[in-house]
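Some notes on the structure that comes next.
Note that the chains take the letters A, B, C and D in the order they are written out, and that residue 1 is the start of every chain.
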Amino acid sequence: MRTLRTVMSALVVGMFLTGVCGVEAWAQMMTPVGPQWWPSRWGPNDEAGASNWMTPEKVVEAVKLIKTGKVYRLGRVYEAGMPLRGQRTYKLTIPTVPTGGPFGKNKLIFNDELVTSEIGQVGTQFDGLGHIGVLVGSEGDQNAMRFYNGLTAAQITSPYGLKKLGIEKLKPIFTRGVLLDIAGFKGRMLDKGEEITIADVQGAMTKQGLTDLKQGDAVLINTGWGSLWMKDNARFDSGCPGIGLEVAKWLVGKQIAYVGSDTWPVEVNPNPDPDVRGVVHQELIMKNGIFLHENLDFTELIRDRAYEFAYIFVPVPLKGATGSPGSPIAVR
Amino acid sequence: MRTLRTVMSALVVGMFLTGVCGVEAWAQMMTPVGPQWWPSRWGPNDEAGASNWMTPEKVVEAVKLIKTGKVYRLGRVYEAGMPLRGQRTYKLTIPTVPTGGPFGKNKLIFNDELVTSEIGQVGTQFDGLGHIGVLVGSEGDQNAMRFYNGLTAAQITSPYGLKKLGIEKLKPIFTRGVLLDIAGFKGRMLDKGEEITIADVQGAMTKQGLTDLKQGDAVLINTGWGSLWMKDNARFDSGCPGIGLEVAKWLVGKQIAYVGSDTWPVEVNPNPDPDVRGVVHQELIMKNGIFLHENLDFTELIRDRAYEFAYIFVPVPLKGATGSPGSPIAVR
Amino acid sequence: MRTLRTVMSALVVGMFLTGVCGVEAWAQMMTPVGPQWWPSRWGPNDEAGASNWMTPEKVVEAVKLIKTGKVYRLGRVYEAGMPLRGQRTYKLTIPTVPTGGPFGKNKLIFNDELVTSEIGQVGTQFDGLGHIGVLVGSEGDQNAMRFYNGLTAAQITSPYGLKKLGIEKLKPIFTRGVLLDIAGFKGRMLDKGEEITIADVQGAMTKQGLTDLKQGDAVLINTGWGSLWMKDNARFDSGCPGIGLEVAKWLVGKQIAYVGSDTWPVEVNPNPDPDVRGVVHQELIMKNGIFLHENLDFTELIRDRAYEFAYIFVPVPLKGATGSPGSPIAVR
Amino acid sequence: MRTLRTVMSALVVGMFLTGVCGVEAWAQMMTPVGPQWWPSRWGPNDEAGASNWMTPEKVVEAVKLIKTGKVYRLGRVYEAGMPLRGQRTYKLTIPTVPTGGPFGKNKLIFNDELVTSEIGQVGTQFDGLGHIGVLVGSEGDQNAMRFYNGLTAAQITSPYGLKKLGIEKLKPIFTRGVLLDIAGFKGRMLDKGEEITIADVQGAMTKQGLTDLKQGDAVLINTGWGSLWMKDNARFDSGCPGIGLEVAKWLVGKQIAYVGSDTWPVEVNPNPDPDVRGVVHQELIMKNGIFLHENLDFTELIRDRAYEFAYIFVPVPLKGATGSPGSPIAVR
């Protein structure tokens, strides 16, 4: 009996892995994050996710929010000593000064900088669609690692950059932005591991006079945790407040395009459910093509009580990158 | 007599280099690029150059140009095989897939990318104020290398990034953009070493129905040379058409903020004057704080005959970098 | 019938991949490179391969070959412009001069260099045991990639270095070295794709007065191809002469420890059998733990007719690296 | 009067900097580290320093010390988490596994590693002749930075590696090695800032039965401080015991070639004279061409009471590098 079960189990795995039965059969199976999430809302070949919502109409809607012309830079400076996750690196040097020259009778000289970094995954970082996936089979099997639109690691990766889902596939983000000042609503910096609820979000919106979230919006969530940046990196990095699956799914329902926060993962960490890690990343990026932007700085927006604005971010089109550096701006 | 002259010359150099007579005395002296160009129009401590012209009023002016909401990405994809000057490098790898995980019962996995590059000086590149200078004394002496606002290499450089004039000091670029389609005006791709004249610029403006250039504008110059990108890199890199000192000084007079082109140096190369190299860089960046953006792609703008638009670029704030990667956008 | 076969095949693969039947069952199966080659001669936990033959006795034997004290450096200089395979990189910069200082009244200054490279796989390169493997199942499945001692990619790899079979596990190479001057024997530089035969090896040995190869020896093979290094990189890189499986297996029979050559892969390329690539790498490194050292320079040895010597190489113990830079020496 | 003095001072500096009076005149002047130290003992064009003492005779002398054939690896493993000075970096990744393949019907796969590091100046590091200098004039002036053989920074440096004094210019080190176990002599690990005296050295030699130091010898100094490596990096890095100028000059007198130790700078730190930093580096490397090897591990040598041996180290010939990674070996 036990032998039969073992054989059958091997058979199923074998069928899955070798694709004997096609993708369809397996499509009905549950993954560690629930049922199959593909094809995407934008079709089986889409690699742009929610950036597809960046239509001319959406741009025009956003532009109408610009009244005074004040521009807010929301990204942090990339520098040695900033918090870095795991073994990530950020190194910038200036080769011998000058790096070039003198040239000509005008004695031109120039300097370069040389950077080595997981440049899309350090500091203020925009997570692309090739960044987050789930393992649905044997550890180490790239055919059993699924990403946005059901693509496998074997399908998207190569040593020298992603073959699919690279950051260069996205459309520039130009949309309506909304800042939800949860810390302002609660009157305090939120705690590590504190999950933001739908009630919190709605309470903040009411307090701030915001009435709705619309398709394609960029939603920015202020937890206050960003005040620890470069002040207390150890605490900053040890966890953070943020949204959990409840709010994530609610935001998916609103068809927003983009969630940013002043924390390193946007989502609550550790998750109140001790068995999961990064589930909001999977829900938003992998399943719905909605982007995360981490380590933003809302200080000036909050000082000006600026809660609604045009929101602009153009990912640096590094071919095959998983994310992008750079600073979004809010304009109003 | 000759000895005296030698001694006097040594004396003068000594005075200069040791600063005995103060900066003032030397200020009257000629440098290889003409008389002293500092303090800057924005004061002796300015490190933001023409990005200071990015005022709320300028933003509002630019926003008025947005009618349809169409967004044009003007930057090229960064990729292996793109043209690189000199010994510059562009390398992107994906560490072992997955780079992290699986984590939790949700079996989260993630990928990173690792980039090594002169990231602000490869591909589509925005030249900052610490990139370009002039040697005004002994080769190798950082005190005799002058940059924007008269700062010396000794004052601005360090092994781990510029101490002054770093790209992070700039304000986001949000302004009126104007495309001068010189190739369209001439009915052909311009040649290597062909200098664009004021007459060319005015002819193109007339043809395109453009009446003026204003303070703080971004001026984009299409030469057609960009059509060689990734098609014939050797030729692309061997030189290019572009503006020379004549147009550069005329643009300075117009107080524009920014010049971009579809070539690697914006300026004509080789210069018709065989004795000089990079003089437009010195005139615009070093002396006037006006930025250059190289290796742009105007294909779509030209297809749509889009000559006037809101122009947006936010340099990636890499502390102490000489330039920035990233893609500007035109919106109209 | 066909269905049954398909199911059975899936079943077998499933058994293999999931390890239901243990390693033993599969052990009898054929891989693309023949039957199972593990456990290694040095046991199932060995990670040092043929460096285990570097015993004190072998050192003493090698030392007896030192008569005059003349030292030959056999490694090439690492430099920009050297031949590199595929997308490999070699980049060295000196951060701003000086990188540090001045410090103290003694005004100490210092310079560093910053290197980015596949440092164990560029220029003169020593291939370690984690470098070469074979795929025995589905592409992309790290459990189906086998290396020395049967270890899988899943078992040995991590994003930040090999967990097993890293170069730091090897013992320093100190042994008897023998140079087989095949080009000298043939009176000419060998051709691209020209496979060296056992007859060639024996002919060269006879001509050079060499009578035997012994357990643990380092065997160096001169093809003359190295004369193209930095002279005609395109041709150098386009292929090369070298040993094939015939000589490789003969050398395995001799229990030698190490094969070096003046070509980039040691083995003939392209292989006379157009269906295979890198089979000598698999035979020597993966199956027998015998090391390859590529891009050596025998010019001085040949000038001195130095065919037998003490041979010394200490891999740079980069934790988890697949290979090592550095220059071996011959001493006699 | 004051004006005259100022002018005269400017004149002298001017003469010096512009070379009016030639190098000879200045040669008589004092530098921050004493009188002119060039031309070197090996002539004004030498770039190999004390590696010139690696003669065949010296090799033969060293070989005679090999009796049992036991090999000791003295270098530490390079790994994430090892002590690093200042902003130096050590990063090793494995690009997507496999980095290459599968190729051919033999389904060859291979892995690479990608390293970014100040590779000659991290972990076990061998300091070359371009690493250490002195400033003898204005800060920032590369003409006023002197190195071995009087070469200036302007003469030796370039952005992409040293033009002179690069590590590739050295001859392989193969010499008599002597271990001075100062910790063993004192019966304890030495303290931070504790300077080893000539009496200590002589006491240790007597205790260990060593009678002399000879021209070209490698002298290894055990302080016990190395026991902190990867155990208490903060303390390890905070300073160390070591030799000062007294012993350094005594060693120069003995014409030894090489000093290694189990600390990060070989020399005592902080120096008992609070006004100086790195003076032993200047005395040995810059003035006398004698090499330093830092962060060695003598544990096994001490366990075996192995005090005299053949000592072998071949710098990795990275063109234009200031130092070298790699592990020396002792053989006896």
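Following the convention adopted for this analysis, contacts are C-beta pairs under 8 Å (C-beta built on N, C-alpha and C of every residue); 3 or more make two chains touch, one makes a residue touch a chain.
Predicted model, so just to flag it, every value in this text is computed and none were measured.
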Work out the mean Cα position per chain and let me know which chain is farthest from subunit B.
C
Per the C-alpha centroid definition, the whole-Å distance linking subunit C and subunit D comes out as 30
Rounded to a whole Å, what is the gap between the Cα centroids of subunit A and subunit D?
46
Would you kindly tell me how far, in whole Å, the mean C-alpha position of subunit D lies from that of subunit B?
42
Residues of subunit D that touch two or more other chains: which are they?
80, 87, 89, 93-97, 100, 112, 114, 116, 139, 142, 153, 157-160
What's the contact topology between the chains, one of line, ring, star, complete, other?
complete
Can you check the complex and tell me which residues of subunit B touch subunit C?
80, 87, 89, 91, 95-96, 99-100, 112, 116, 157-160
Write out the stretch or stretches of subunit B touching subunit D in their complex.
6-7, 9-15, 17-18, 20, 87, 93-97, 114, 116, 138-143, 152-154, 159-160
What residues of subunit B sit close enough to touch subunit A in their complex?
32-33, 54-60, 63, 66, 68-71, 73, 75-80, 86, 88-89, 92-94, 97-98, 100-121, 130-136, 139, 142, 145, 153, 157-162, 168, 171-172, 174, 275-279, 281-282, 312, 314, 316-323, 325-329, 331
